[in-house]
Amino acid sequence: MAFIRVGPDDIDMATEIACLQSEPGEIGGIASFLGVVRGGEGHSAITAMTLEHYPAMTEAAIRRVAEEAEARWNLIGCRVIHRVGRIPVGGRIVLVLTAARHRQAALESTSFLIDWLKVGAPFWKQEHLISGKDHWVEAKSADDLAAQRWLVVAPPD
Amino acid sequence: MAFIRVGPDDIDMATEIACLQSEPGEIGGIASFLGVVRGGEGHSAITAMTLEHYPAMTEAAIRRVAEEAEARWNLIGCRVIHRVGRIPVGGRIVLVLTAARHRQAALESTSFLIDWLKVGAPFWKQEHLISGKDHWVEAKSADDLAAQRWLVVAPPD
Amino acid sequence: MKLLYFAWLRERIGLGEEEVTPPSSVVTVADLIAWLRLRGPGYVEALAETARVRCAVNQDFAKLDTIVRPGDEIAFFPPITGG
Amino acid sequence: MKLLYFAWLRERIGLGEEEVTPPSSVVTVADLIAWLRLRGPGYVEALAETARVRCAVNQDFAKLDTIVRPGDEIAFFPPITGG
């Protein structure tokens, strides 16, 4: 059963892995992706990032896709933790964790989920520049292309 | 600089991630693969696994390939921890951890490194069956094929 | 119907949420956007470029021709930047 | 030269490491295997199927026709099962 959490609390990787390992099943490999706030350089150097989301929609949307991944890759477990609110440079934003019998299922499903989160889950990032200005991050067309690798449909234009 | 450790000590993921994050550079994503001992079922149910290796060769071979991965995917950091000795069911065998500016570099290089470890680093696994018998794990041709995806050459026949 | 605004749309419109009762001539998301633009300069600024605006109707991603009905929850926001 | 045996080759031969001085007719890995098979049933059992035996000369993977020299460290082992 996919576990989803969206909220301001920091991500504790060790705890999440322990929870995943307590799932019944023959786990052979656990893959993960942890996204962190990049500081940027020069004019685009930032001190922190604020993540906004659409609460009524976020968890349900992530759960739907996480369950799709569980079925597609026959996962033993899957955890997606996405933070919202203000996160300083170097801070954790998102953790995707999947467990499977075999490594390829775990690695591919992790890749799939993070590619989807970039374009399919209603989050928006605002960067707080060192200059004091705030700046909403623009969506990247590269992210749409990455999601399309998995035949995931990005939200319609 | 790739960090490699081969030895009997357990793997502490949180510590390894903290070490990786202390590398200078603009880390945006950290990918990982953690391999654990699968219990098996029925006649092939096991209680533990023992990993043997070729000490004079292992670390040097892993370092060479980890540095190749760092260059190929422009990684900010890379840690490969491989345990040897007896490990119980559910225990951690191997951790591959990579950090990059962007998620795809981190995820792909992790996949590459674990695929290579399966066929290119001189480790051998012995399973300890519940029945009391010991059994050397046979190499899988699927692992050779996985390594070939990356144009990695498995040891010659 | 209940309208929600996120990210820079929220900032430009100046509120995150409101109840509206558009006339019966508002049938689709596109109609709703056109009607909202009449409500003031913040709305015009937020909804000027429909290419940069995304919409969800009752928590499902919607298109410009998606039908909107009284009682719906309709959210407007920029392209997603999650993960 | 120094020979190392790993995994089930070590078990069948009954030791993990030994120093040997093969005759000068032993030039390649294949020659060395043929000569080792004369040393007893454990060697025969371990080295019977060369398709299941891998070799490294001075910590580099080697083939049957790789040259071996006095002073080399030569390891025999099954196909790798790491990771």
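Here are a few things to note about the model shown:
Should a chain be cited, it is by its letter among A, B, C and D, assigned in written order, with residues numbered from 1 in that chain.
Throughout what follows, a residue touches a chain if its C-beta (ideal position, glycine included) is under 8 Å from a C-beta of that chain, and two chains touch if they have at least 3 such contacts.
Nothing here was measured: the structure is a model prediction, and the numbers come from that model.
Setting subunit A aside and leaving every other chain in place, the chains that still touch form these groups: B, D | C.
With centres taken as mean Cα positions, subunit D sits 49 Å from subunit A. If you average the CA atoms of subunit A and of subunit B, the two centres end up 24 Å from each other. Listed for subunit A are residues 35, 103, 114-115, each touching two or more other chains. Across the assembly, subunit C contributes residues 83 that each touch 2 or more other chains.
Interchain contacts (touch definition given at top) occur between A-B, A-C, B-D. Those residues of subunit D whose C-beta lies close enough to touch subunit B in the complex are 4, 6-8, 10, 51, 54, 56, 59, 61-63, 73, 75, 77-83. Listed in rising order, the residues of subunit B touching subunit D in the complex are 35, 51-54, 56-57, 60-61, 82, 93-94, 114-115, 117-126, 136-139, 143, 154-157.
Residue ranges on subunit B touching subunit A, taken from their complex, read 12-14, 17, 21, 26-36, 38-41, 90, 101, 103-104, 106-107, 110-111, 114-115, 146.
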